[in-house]
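Shared between the two complexes below is chain A, which has chain B as its partner in the first and chain C in the second.
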Partner chain A sequence: MAKDVKPTRKELMEIEDRIDLSERGHDTLEQKRDGLIMEFMDILDQAQEVRGGLSENYEDAQRKLNMARAMEGDVAVRGAAAALKEHPEITTQSKNIMGVVVPVIESSRVKKSLDQRGYGLLGTSARIDEAAEAYEELLESIILAAEVETAMKKMLEEIETTKRRVNALEFKLLPDLYENQEYIEQKLEEQEREEIFRLKKIKAKKEEEEKAAKEAEAAETSDVEPVTADD
Partner chain B sequence: MSQEIAVIGSPDFTTGFRLAGVRKFENVPEEEKDAALDDAVERTLADDDVGIIVMQSSDLDHLSRNTRKSVETSIEPTLVTLGGDAGSSGLREQIKRAIGIDLMDE
Partner chain C sequence: MSTAGSPNPEYVNARVRARRGALFSDEEYRKLTRMGPAEIARFMEESAYEEEINALGSRYSGVDLVEYALNRNLAKQFNDILDWAEGWLYDLIARYLRKFDAWNVKTIIRGIYADIDRDSIDADLIRAGEFDDRFLNRLLDAGTIEEVVTMLKGTIFGGSLAVAYEDYENTDVLVPLENALDRAFYENLLGGLRGGESLALYREFLEAEIDFRNARNALRLARSGADIDPSEYYIEGGKLFSAAELSQLAANPEELVTRIRESTYGDELSVALNELEDADSLISFERALEAALLEYSDSLGSVFPLSVGPIISYILAKEREVENIRAIARGREAGLDGDEIEEELVIL
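Showing the complex of A and B:
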């Protein structure tokens, strides 16, 4: 890198400007990264809570479904499942956390009352109702988990890119720029020293020439004078 | 835009969700998982009406590497896995990579 730059004062000024900008960018990005990680920690706590609830709900729902199956038979349960009329729907909105767009998922028609389910009351037993209720609860926590986990994934992606940028600035761009700056400064100093030396040489040469000229003149006058003095 | 929840897995796994009203589901019998699960997941991923995919975490092992990666990193739809430990769907790995510490370690 250092070999690509021209050792001129203009280039040095440009590099100094770039160093200034990169350092400011580096500080800002570092702050962004730290902020993102702090936000992420909050979400992580939430996620762990949601996850705990989720596995609890899942076990409960499975147990109830197995019970329904054992008591009513597989066909009855499947028949009831196929008869469902109301279907849960989710709508996604977005929220902004430090420039990261994370989803806010809202659900509708997850929890249903007995008569909304649509499989009829007479043909089925309370066990199927219980299983259906447990699964509705499970769906609710799944929706919550989806929201939190998507937010986490997006935050992690942003943290990764920010971290990469910070590291690129810190370990690649800035060191290169500093190296170039030093290279140019040394080159310029070297040139200055050469210039001074050259001037000194020229001065010495001129002085020598002047001295020689003076001596020659003096010799000329001393050659002519004795003749006139004797007369 | 309103979306739906999709469930992929063995018939035993999906029945419960259908009881709660989930309409989109892919039944893949246990013995066909190695062959058919990939296609089922790809089909669901391509469906714009699906907002959340629910799967059993052990089923992820039946997926091919590419499909597994795309479903794990997918944000829309989001994958939620059930069963297994909390470090679900590659999230734990991603945290380790981005933050540098295994935060899911309990």
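Showing the complex of A and C:
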């Protein structure tokens, strides 16, 4: 890297600017990463809770469905299910958690009252009601789990990206910039030293020349001494 | 065979008594609860269900085979009874078996509504009611619910179904049609029932059935917390509640339970009512109602042995057998252990 850098003052200033920017970026990204991790831990707790609830609701719904199929018959349960054409509706919106866009899933017509399930009340039993209710609860848990787990996945991806950026800054970009800075500084110092040395040399040479000129002049002056009256 | 001719309770009772003897005993249920679904099918193949298991064996397997064979056998048994019966005896039996007509019409309507193919709907029918195969096939061929409603004109379901059809058209949900069918069945149970000591017992049994249905529905409405007027679901003919009383009691389940406890059914249902007060589920209460009804019908049979009583008692016992075997097979398939399944069975 350092070999490609021109050791000029302009370049040094530019590198110093970049170091400044990268250090600030590094600090900000580190803060973002830590913030994301904290948010992620909260979502993780929620996700674990939702997952636990989901498994519980699934087992409960399956047990109640099995009991309804056993006691009322598969034909009766399928018939009751066929009596409803309307499907639950899901709408998705989004919210921003520290720059990460996560979905907010809203459902409607999942939980139904006894007269909204399609089947008649007079010819059915509480077993079918309980199985339907348990499945409605399960569906709500699934929708909530989808929201929380998608948020968790997106947060994880963002944490990973941020971590990579922090690491790239910390272990690659900043060390390279420091190295370049040092290289240019060294080069510039060297150039300065050379310049001083060169100037000194010039000065010394000039002084020498001046001295020689003076000596020559002095010699010349002594050779052409004026003849006095005594001669 | 029909309402024409003189009633023949002696003949029908003799035939039914023989059939009753072939019902599964407690010991056989106990054996079944220890078997897997395939073993249950094999066991049934060596019992009164042999013909149905063999006929359906190529189309279904496992628990589905058991369930369809049970339904077909039930239909055959009840059709035989209707074939044997003559005169008013036929009418008394047919009015109870019309619940299968209501079931079949509901199944056909649901099938059309959910766009299910004809063969699948046909497989789910239980041809145990009064409608003959030709009429049921015509209903199956109907392309729309309106056609079904039109075809049912002239049956006990025709009037209320035509009214409910308007509601259905406005709401596009099947609830009004299904309720109209069940209501027509229940309200015709007692219509035109003649006097006589043996029929008084039959009437009591039918009233109990209506009372139990009203109590179940009121409790379901109360538990659901839905904003529904209970009087809409009230079935006329019971002796325990009036429509207004039921509306009032449905808002207060505790009072409803007290009312049942203080009624003539109180003693038979006391254990179930205690359970209902403690638990959150209605299921054990419904099971207790079914057991009470079964017991009621059993006593019906022993008081007047040559009346409709023993026949209705057999019909209920046969239905219970079918429900018990299906519960065992489905329970075993779902991995329930023998004791759990036995708890769910209703055995006299």
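Throughout what follows, the second predicted complex is superposed on the first by the 194 of 231 C-alpha atoms of A that agree within 3 Å, B and C clash if a C-alpha of one lies under 4 Å from a C-alpha of the other, contacts with A are read in each partner's own complex, and residues count from 1 in each chain.
What we mean here is this: a contact is a pair of C-beta atoms (placed from the backbone, for glycine too) under 8 Å apart; a residue touches a chain by one contact, two chains touch by 3 or more.
Since this is a predicted model, take the numbers as computed values, not measurements.
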Query raised in the report: Sharing chain A, do chain B and chain C clash or fit in the superposition?
Result: fit
Query - First (chain B), second (chain C), both or neither touched by A:114 - result: second
Query raised in the report: In the superposed arrangement, which partner chain does A:100 touch: chain B (first), chain C (second), both, or neither?
Result: neither
Report task. For A:166, select first, second, both or neither according to whether it touches chain B, chain C, the two together, or no partner. Result -> neither
Query - Contacts of A:177 with chain B and chain C, given as first, second, both or neither - result: neither
**Report entry** Partner chain(s) touched by A:70 [first = chain B, second = chain C, both, neither]
**Finding:** second
Requested in this report: Could you tell me if A:78 is touching chain B, chain C, both of them or neither one (first, second, both, neither)?
Outcome: both
Query raised in the report: Could you give the angle made at the Cα centre of chain A by the lines to the Cα centres of chain B and chain C, to the nearest 10°?
Result: 20
Requested in this report: Could you say whether A:127 touches chain B, chain C, both of them, or neither, answering first, second, both or neither?
Outcome: second
Report task. Go through the superposed model and pick first if A:61 touches only chain B, second if only chain C, both, or neither. Result -> first
Query - Broader residue contact with chain A after superposition on the shared chain, chain B or chain C - result: B
Requested in this report: Please provide the least distance in Å between a C-alpha atom of chain B and a C-alpha atom of chain C in the combined superposition.
Outcome: 11
Report summary line: The shared contact residues of chain A with chain B and chain C are 78, 82, 84, 86
Query - In the complex, chain B residues that touch chain A - result: 1-5, 15-23, 51-52, 54, 73, 75-76, 78, 80, 82-83, 86, 88-89, 91, 94-95, 97-99, 103-104
Report task. Under the touch definition given earlier, write down the residues of chain A that touch chain C in their complex. Result -> 63, 66-67, 69-71, 73-75, 78-79, 82-86, 113-116, 118-123, 125-127, 129-130
**Report entry** Interfacial residue positions of chain C with respect to chain A in the complex
**Finding:** 63-64, 67, 71, 102-103, 106-107, 110-111, 113-114, 116, 124, 172-175, 177-179, 181-183, 186, 213, 216-217, 219-221, 223-228, 233, 235, 281-283, 285-286, 323, 326-327, 329-331, 333-334, 336, 341, 344
Query raised in the report: Touching chain B in the complex: which residues of chain A?
Result: 37, 40-41, 44, 48, 51-52, 54-55, 58, 61-62, 65, 77-78, 80-82, 84, 86-92, 105, 108-110, 112, 117, 128, 131-132, 134-136, 138-139, 142-143, 145-146, 149-150, 152-154, 156-157, 159-160, 163
